[in-house]
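What follows is a structure written as C-alpha cells; I'll ask about it next.
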Amino acid sequence: MRDVAIISLGQTDHARERNDVNDVEMLMPVLADAMKAANITKDRVDFVCSGSSDYLAGQGFSFVTTLDAFGPWPPISESHVDMDGAWALYEAWVKMQSGHADISLIYAYGRSSPGDIRRVMSRQLDPYYTAPLWADPVSLAALQARAGLEAGSFTEEQMAEVVAASRRNAKANPHAQLSGDAEAKALLDEDYFVSPLHKHDCPPITDGAACVIIAAGDVARELSDRPAWIRGFDHRIEPNALGVRDLTTSVSTRQAADKAQVAAGGVDVAEIHAPFSHQELILRDALGLGDDVSINPSGGALAANPIMAAGLIRLGEAAARIGRGEADRALGHATSGVCLQQNLVCVLEGE
Amino acid sequence: MADGELLTAELIIEYPFSRTTGPVIGAFFTALREGFIVGIKASDGRVLVPPFEYDPITSESLTEMVEVGDAGEVVTWAWVNDPLEGQPFDRPFAFALIKLDGADTPMLHAVDVADESAMSTGMRVQARWRAEREGHINDIECFAPVDGGAS
Amino acid sequence: MGKQRVAIVGIGQTHHTAVRGDVSIAGLVREAAQRALDDAQMSWADIDAVVIGKAPDFFEGVMMPELYLADALGAVGKPMFRVHTAGSVGGSTAIVAQDLVAAGIHERVLTVAFEKQSESEAMWALSMKIPFQPPMHAGAGGYFAPHIRGYMQRSGAPDHIGILVALKDRQNALKNPYAHLHEHDITFDSVKDSMMLWDPIRYSETCPSSDGACALVITNEKGGDAAAAAGRPPAWVKGTAFRSEPTMFAGRDQVNPVGGTECARDVYAQAGITDPRKQIDVVEMYVPFSWFEPMWLENLLFAEEGQGWKMVEDGATQMDGDLPVNCSGGVLSSNPIGASGMLRFGEAAMQVRGQAGEHQIDGARTALGHAYGGGSQFFAMWIVGADKPES
Amino acid sequence: MSEITLPARLDDLEMVKSIRTPARLEYDYMPGAAPSRFLQGVAQKRLLGQRCPVCRKVYVPARGCCPTDGVPTEEEVELPHVGTVTSFCVVNVQFYGQVMELPYVSALILLDGSDIPLMHLIQEVDAREVHMGQRVEAVWVPDDEIGPTLESIKYFRPTGEPDAAWDTYKDNV
C-alpha cells in the first residue's frame, strides 16, 4: 500500500448548541485551523471528502452548500458520504492509494440540537417493523446494556468508571463539552434515565465539526514533523435487526480489528467511538485492548458527540498523540448505526 | 444588527410515507391484521420473527413462512420513563426484545406494566391485540405479562 | 504500488416504473444486485465489499438506509460504504467502488444505487419550505428552467431543439425493456403540445419520477480476463473523474459550468482521448430536462460553445448519428434519482460489452458515462472501453 | 423472485401490500450569523450584502462565506431595491405542500451593486411579458407586516425603465 499519514486535525469547541453560526460558518474556522496546522493553503489539496447527514440538518442536500466553506473554486475533485467522517477519510485514503491525490482534506459536521435527536435518529431503523414504534437509540442502547449486564459481560460499576475516566481525561481537552472530577460511586447514585442507563451513560447532545488532513509519502514528511502513518484500515457491518445480533459483543469490530492488524504490535493509545458507556467496554473487548492501553485520552464521545464528526475526531485525536510523540502506535475507531452495527478501525504508527 | 441578534425558526418535516412491503413483510402484516404472528425460516433452520426477506448471515432469499405463538419471553428490556412522541405509550413503559414461542430470534415491541419493578428478563408476555387492525406493527398494542408472571 | 486495471463484469437494473408496488425497498435494490451478480456469474459470497449510493434520505424517509439494507445486499461481515453527492451520486458511487479495486484493496466489489421515490414525492422532497424564504421553489424544474432560458438566449437555439431531444430519448426508450416510459404514440406535436410546466420546460421534456435501482459488479484485471475468456466481454475502465464547484458564486456560468468541462478534460486525458466526438462511440449523458443535451454536448467538448443544438438538429445524437446519446432512453425515460447516474455508467458499459440489445450501437468500443448533480455543480464521469487499457 | 410459501391460515386472504408510516420531525432552523444580520436588515426594509475581502464580490443574501474563497465575508454593503432579471421560470406545476397560486414567475434578480442574483417572485405583470434584462423593483408588504424574512418583499415588479444591456448581466446567466 502507498504510505499515507494523518498530519493535522481541526475541530470546534464542542457545545450543546451552536445557534450563533450556520454550518458553513461553523466549518470555515475548523478547515482553516487544520490547513494552518498542516502548513498548507487550499490550492495544495487534491481531494476533498466530507461526511454529514441530511436528517440531522433537517434539509435535503444540506452538504451541497457547506462545501462553500472550503471555497471549491477553481473546481475541485470532491465526494461526500452520508456516514461519519471517518468513512470519508477512508474514501480519501482509497483515492490516494490509486495515486489520484497526494493531499486530501476530510471534514464532517453534525448538529444534534435542532431536532429531538432521539426521534430523528429513530428514522435510522428498519422502516417497517421498528421505525413506526419510534424506538430511539437511547432505549435500544439500554436494551444492549441490560443484555450485557445480565450476561455478566460488564457491571454498572465499570460503566460508571468509564464515564468518570472520560470526564477526567476531558479536562485536558480544550474542545470537550463535558469534563470534570466525577466519582464513579456518586454517578451510580444518580437516577436512571432509560434504565439501566443513567443520563451520564449517554452521549451529550453536541453541535460540532472537525477536519483532518492526510498526505502521502514525502509530502507528509515535508508537512509534518511526525506523521501518523495509516498502517491498517478496515470497516465491517453487521445485520440490521437487533434480534439477530449478539448485542453483548461487537463482531464487526473484531473483524475490522483483525483486518487492520491491531494485535500485530499492540497499541499505546486507543480513541474509541463509544457513544454509550457500556459500548466502550464491549469495544475494548472486541479490539482486544489490555489495561495498559490509554483509552480515550480526549474523553471520547461521552465528552463531546458531534454526530457524523465524532468518529473522524477519534482518528484525528489518535493521530495527534503520535504527532506529539506521546504514542508510537495508536488506534482510532468509529461506529455507525444502532447498537454498534457498523465499525471502522484505523491503526496509526509514528516512525 | 448592532446587537447581533440571532434568528431561529421552526422547521417541520412531515410526510405521510406510504411503503410497499413486498410479499414477506406483507405476509407478516396480513397476519397481524388477522390477529396472529408469522416468522420465516432462515437458511440454518432458525425461525426469524419478525420475518426478514434475506438471510442475515448468508443473504439468501428466504421463502418459508411459518406461524409462531403470540406469547413469549422477554430477552432484554429498557425502562422508558419519559416516552417520546410516537412511541407506543405516553406513560412509562418498557421496550423489550421478546422471543415468541416457536421463534428463535426476538422482536422489538413495548411491554405494558405498572412500573419498572414488574419487569424482569425471562418473564412471559403475550400480545395485546387492538380491536381495529389494518396490517401494521401497531396492530399489536403492546405485550403484557401472562397471568402468573414469570415463566 | 501502481494503479490496477479495473473491469465491469456484471450489470443489473430493475424495471423502472412510477410505483414498484410489488417490492420493499430492500426488494428493489436486491433485484438489481441479483441481476448484476447473475450477469457476472457470481454469488453473494464472491463479493468483497458493497458500495451503495442514493440521493437524499428524505425521499424514502429512512435515515442512512444502507444500514437496513446490509442483509439484502450481502454486506454482513464485509465493508459497506454509502455515497451521497446529490444527482451525480450514481456515478460517484460507481467511481468509489472502482477506486477500491484500482487501489488493490478488493478484488470484487458490488455497487448499487437506488431511489424508491414513490415512498414520498420528489417534488415535496426537493421543495421543502425553508424558513425566512418565500415558498416559491418548485422542484428541480423550477431551479433549472432559468439556466435553460439562459442557454437559449446565449446560443440562439430555436425552441424545437428541446422537443427533438425529448422525442429521440422517448423513442430510444421503446428499445429498452427496463425503461419507465414506453410512449408508443409519442410525436413531435404531442411533445410540443404538452403542458408548459416550468416555462420553457414542457411536461414531455421532463424526466419522470421513478422507482428503480442499478447495480454493477466491478473486478480487477484477473476478473476481467476471466470473464473475457468465458465469452463474457468486460467493460474496461479507462478513466474516472469527479469535479465540484459552489452552487452559486459571482460570475458563475450555470449554463456551461467550468467544473463539467474540467471533469471531462480530466477523464479524456486519462483515456487518451484528444478528439472526443471522433474517439467516443456512444454517450450516456445525464439529461433530466431535454435542453440539457445540447448544453452538455458543449460542456463535454463535443461541440463548440453555442453549437451543441446544431448537433441535435442534424440528428448527430440519434442512434444512427455519429455520436449517439442516450440510446437507453436516458434520464428522460427513467429517473430513479439516486440510480440515474449509475444507469448512465452502466449503460455505457453495456454498450462496449455489446449487451445493450435493441438499443445497442454496433461496434461501440469506447463510451462515456456522465452524471451531474446539485445546481449543475457536481460532476462524475467515466470512460469505458472494450479494449484493455495499456497502463 | 422466489416463491414464498405461507402458513395455511394466510391462504385466500387479501394480502397487505403497503403500510402507512407518517413521520413528523420538528427542528429549530438556525440561519446563522450572517443570514440573521441580513434578515434583521430586511426587517428594517434594508437590503444588506457582504463583500468578500479576497475577491471583492458582493453577496446578497450573505451566508457569511465567500463560496469561491472559503473565507468570511464581513464588510457590509447596503444595496438598492432595484435590479435586473437575469433569468426566470414560469411555474405551472402542483406539488405536495405548495401554497402558491399558478402560474407564477420566479426569477433570478441581480440587485444593482450586487454580484449574485437572488431568487424571488415577479408580479404585477403578465407572465408572458417577463423577460431577461427587465428592470424590477421590490414591493414590500405593509410596514406593520415587515419582519426578518424575505417574505417581507411581496414580490418584484417592473420599474418601466429600459431593459438593462446584456453586458451588464451576462456573467450572471
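Here the chain labels run A, B, C and D in written order, and each chain numbers its own residues starting at 1.
Simple rule for what comes next: contacts are C-beta pairs under 8 Å (C-beta built on N, C-alpha and C of every residue); 3 or more make two chains touch, one makes a residue touch a chain.
Bear in mind the structure is a predicted one, so any value in this text is a computation, not a measurement.
Participant: Treat each pair of touching chains as one step and give the shortest count from chain A to chain D.
Facilitator: Minimal hop count between chain A and chain D: 1.
Participant: Using only Cα atoms to place each chain's centre, name the chain farthest from chain B.
Facilitator: The most remote chain is D.
Participant: Roughly how far is chain A from chain B, centre to centre by C-alpha average, rounded to an integer in Å?
Facilitator: Those two chain centres are 30 Å apart.
Participant: Averaged over CA atoms, how far is the centre of chain B from the centre of chain D? Could you give it in whole Å?
Facilitator: 42
Participant: Where the CA atoms of chain A average out and where those of chain C average out, how many Å apart are those spots?
Facilitator: Roughly 33 Å separates the two chain centres.
Participant: Considering chain A alone, which of its residues make contact with at least two other chains?
Facilitator: Counting only residues that touch two or more other chains, chain A contributes 19-20, 58-59, 65, 68, 71-73, 114, 116, 119-120, 123, 127-128, 131-132, 239, 241.
Participant: Name the residues of chain C that each touch 2 or more other chains.
Facilitator: 21-22, 24-25, 27, 58, 60-61, 71, 76, 121, 124, 128-132, 246-247, 249, in rising order.
Participant: Scan chain B for residues touching two or more other chains and write them down.
Facilitator: 6-11, 13, 15, 17-21, 23-25, 29, 52, 56-57, 61, 136
Participant: May I ask you to sort the chain touch graph into line, ring, star, complete or other?
Facilitator: Per interface graph, the chains form a complete graph.
Participant: In their shared complex, at which residues does chain C touch chain D?
Facilitator: 21-22, 27, 31, 61, 121, 123-124, 127-139, 141-142, 145-147, 149-150, 153-154, 195-199, 201, 246-255
Participant: Give the list of chain A residues in touch with chain D in this complex.
Facilitator: Those residues of chain A that touch chain D are 18-25, 28, 31, 42, 58, 65, 68-73, 113-116, 119-120, 123, 127-128, 131-132.
Participant: Hey, which residues of chain B end up touching chain C in the complex?
Facilitator: Residue positions touching the partner: 7, 9-11, 13, 15, 17-25, 52-61.
Participant: Taking the complex as given, what residues does chain C use to touch chain A?
Facilitator: Chain C reaches chain A through residues 1-4, 24-25, 56-58, 60-71, 75-86, 92, 95-96, 99-100, 102-105, 125-126, 128, 130, 241-247, 249, 257-259, 262-263, 374-375, 377-378.
Participant: Please give the residue numbers of chain D that touch chain C in the complex, ascending.
Facilitator: 1, 17-18, 21, 23, 29, 31, 35, 39, 55, 57-59, 66-68, 86-93, 95-100, 103-104, 106-108, 115-116, 119-121, 127, 132, 148-151, 153, 170-173
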